[in-house]
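Labels for the chains are A, B and C, by order of writing; each one numbers its residues from 1.
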């Protein structure tokens, strides 16, 4: 467009900066060597090792289950929150919904730790992780849904009421179909965030439950094996697919983040 | 003005459940933690009971805060965290700006694709991204250093700076730059006197989105840094899972929360006040 | 009994009074227009009738029944929105069928009525199209069909023609009048464009700052404005400062400042010594050569300051001796007027002794 040719060099450098490290991880997941220093040969050994690693498989099952459940709940609650934020003036609603998203994750993790153990007297486990994930995903879905609604002609919804629809009918027949792309994108994002989450899960999982990120952390800290590359690559593949899907379904939804 | 009953009912049917959930699992725990910062640590870790018992500790106390403000080392770590956050934010700004500018000026179709490319790394797990740098920096003997921590922080948070910046820049009227050029400004002047000031709301948004999470990070310092690079997040983690001194950890969390609120508040104030129509 | 009775209606938003103690009645079968500048409260009033807002005081009665507390879906009132508000994810037919579906009408009835409604707006074969495939005018017509299909008691139109270009607008104005007449439903139309209001309406309510200044049929509004605001707002108007010298049943004698005396038609509220304005329409002011003969009682000498040629007519701005400017309209094809006047030329302006109207603001 304009004389922006000089922008290409730094931009490509930034893109390289973003992708080269990830590419290295993917590359070395196929490297036939314990030390990830140099390329020895192509192998699928590390992936095979993963398939027989019981702890890893259990963690994967947990991760998917948690992601599925929490994203479902978060999508429902988040959609409701997003609609409420757009249509009604409820003081404190925005604060309540958006702060868990804006705050450093460690704060949410730690406060839920105290809450579950001290107040609810609950052993940390699946339930605590689920609740934690829903809490921080609600905000993401709400942001996406609200941005979507803000870009629409408000009189469309009024017209439905004007022509005889009760609030519930209006929601079911007009609002919901029209925000469906944003809701779907929000659901996909929630799933991604949940499956990838480390910090909050770290504090609310306790001893009983492990997820893929927690496994990865342990592997990195305790004994770095190239299996980490393999599981990382697989995880990246899953989340990459989801994000691409989300961007197809609601291209503008992902922009409304700030 | 009284809205008809059906309107109010609808409003609370829609807003009720998320509000109830967040009050219970976000606000309440936060308040409890604030309260916990004023309590004594329990005998085996955790919290001591609220009512004082003979022979044991109980009730409320300010000793945690006294400890924080009294011992220089904690303030030091806090200051270090702020410094790392500031440096990371600055570097992210420098790296993100050219890219955001390029995306904003590209034709629509390409723009969406370029934005997607920025978001995709964000899709990968935090640990994966950190691990990638362990793989790279290890052989170079740069691991477990402040440098590694900064690189990791920048790497993880760069997308958060690009997006708000690009969203803002996209809305700039290209005619403004034409006008500047028409009135005699060269490329640098046009940028510095027109584009950059107009982009400030985006800059502040991005800065807040980077600064705040960095402040609370613990995984990156733990994996990429040395003993010297501990941040507030590490202290908090240590308090809750290591020494099990919950009141102290709660107090630190509260201090972190207040810092974050102050920064977010300042950013929001600026966005509402000084920003041109964006 | 009037169809819609609004009594002492008020609505405030903080310190702003949007509707100030408004009382007006609308008869069944009327094309009634709310006319006024932006911010006068006309859209607020419409929304109060439709049920999207509730008044702070006063009542709205439809067929004698108070509408208070009734949400929009329970009111037999439909709205045509300025942006048309067609449901983008539904076809034209489904859009038009929507109110019937909400009223739980049987399938056969819905199909028949949708067909008829689309025929009424000349869009018979557009049932399967989607809103984004239609032009502005077509969307307009679908919105009309949708709002009329189940024959509401009242149809509200919120600046419904504002988004159309001039030619299309004229066309739609004619279609709208025809439709209203054929279907027989009461229309309440909101606009700020007074030519449109004059063309379409049976009666017009001129609004200003939340109050109704005058309710009348277009010709009475134009010929007998109640005050200066209405005179100014409707059509073009000369307003000359005047003081009453003599008031009688046969007419008024006014002093137009330094210009001298003029004769004006009688005005009920005029008293000797009263200050006001003489409102004179440009078409009532005759412009002629300085030495031309005439029999008009009010005449003054002046010079042409400016002239606006519009094609069929020209408006001459004439400056009189004391600096007052007066607009005179001259048809460019009027018989016996072979002469046009140029800028700077000395001329004479004159009007009848019963032309104009004396207004107190």
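In this section, a contact is a pair of C-beta atoms (placed from the backbone, for glycine too) under 8 Å apart; a residue touches a chain by one contact, two chains touch by 3 or more.
Since the model is a prediction, treat every value here as computed from it, not as a measurement.
> Report back the single chain whose CA centre is most distant from the CA centre of chain B.
That would be chain C.
> Chain pair with the most contact pairs?
Looking across every pairing, the one with the most contacts is A-B.
> How many angstrom lie between the CA centroids of chain A and chain B, rounded to a whole number?
For chain A versus chain B, the centre distance works out to 17 Å.
> Can you give the whole-Å distance between the Cα centres of chain B and chain C?
Roughly 57 Å separates the two chain centres.
> So which bits of chain A are touching at least two other chains?
166-167
> Identify all positions of chain C at which a residue touches two or more other chains, and write them in rising order.
71, in rising order.
> Residues touching two or more other chains, restricted to chain B: which are they?
Correct list: 6-7.
> Taking the complex as given, what residues does chain C use to touch chain A?
50-52, 71-73, 77-79, 81-83, 85-89, 98-99, 102-103, 146-147, 150
> Under the stated contact criterion, what part of chain A meets chain B in this complex?
Interface residues on chain A, with respect to chain B: 1-4, 7-8, 10-11, 14-15, 17-19, 21-22, 24-25, 28, 36-37, 77-78, 80-81, 83-84, 87-88, 90, 93, 96-97, 99-100, 102-108, 110-115, 117-119, 131-132, 134-135, 138, 142, 166-168, 171, 192, 196, 198-199, 203, 212-213, 216-217, 220-221, 224, 228-229, 232, 235-236, 239-240, 242-244, 247, 251, 254-255, 257-258.
> Would you mind writing out the residues of chain B in touch with chain A in their complex?
Per the stated touch rule, the residues are 6-7, 9-11, 14-15, 17-19, 21-23, 25-30, 32-33, 36, 46-47, 95-96, 98-99, 101-103, 105-107, 112, 115-136, 139, 155, 158-159, 163-164, 167, 174, 177, 187, 205-206, 209, 212-213, 215-219, 223, 233, 236-237, 240-241, 246, 249-250, 253, 256-257, 260, 264.
> Touching residues of chain A toward chain C in the complex: what are they?
153, 155-156, 158-167, 169, 174, 177-178
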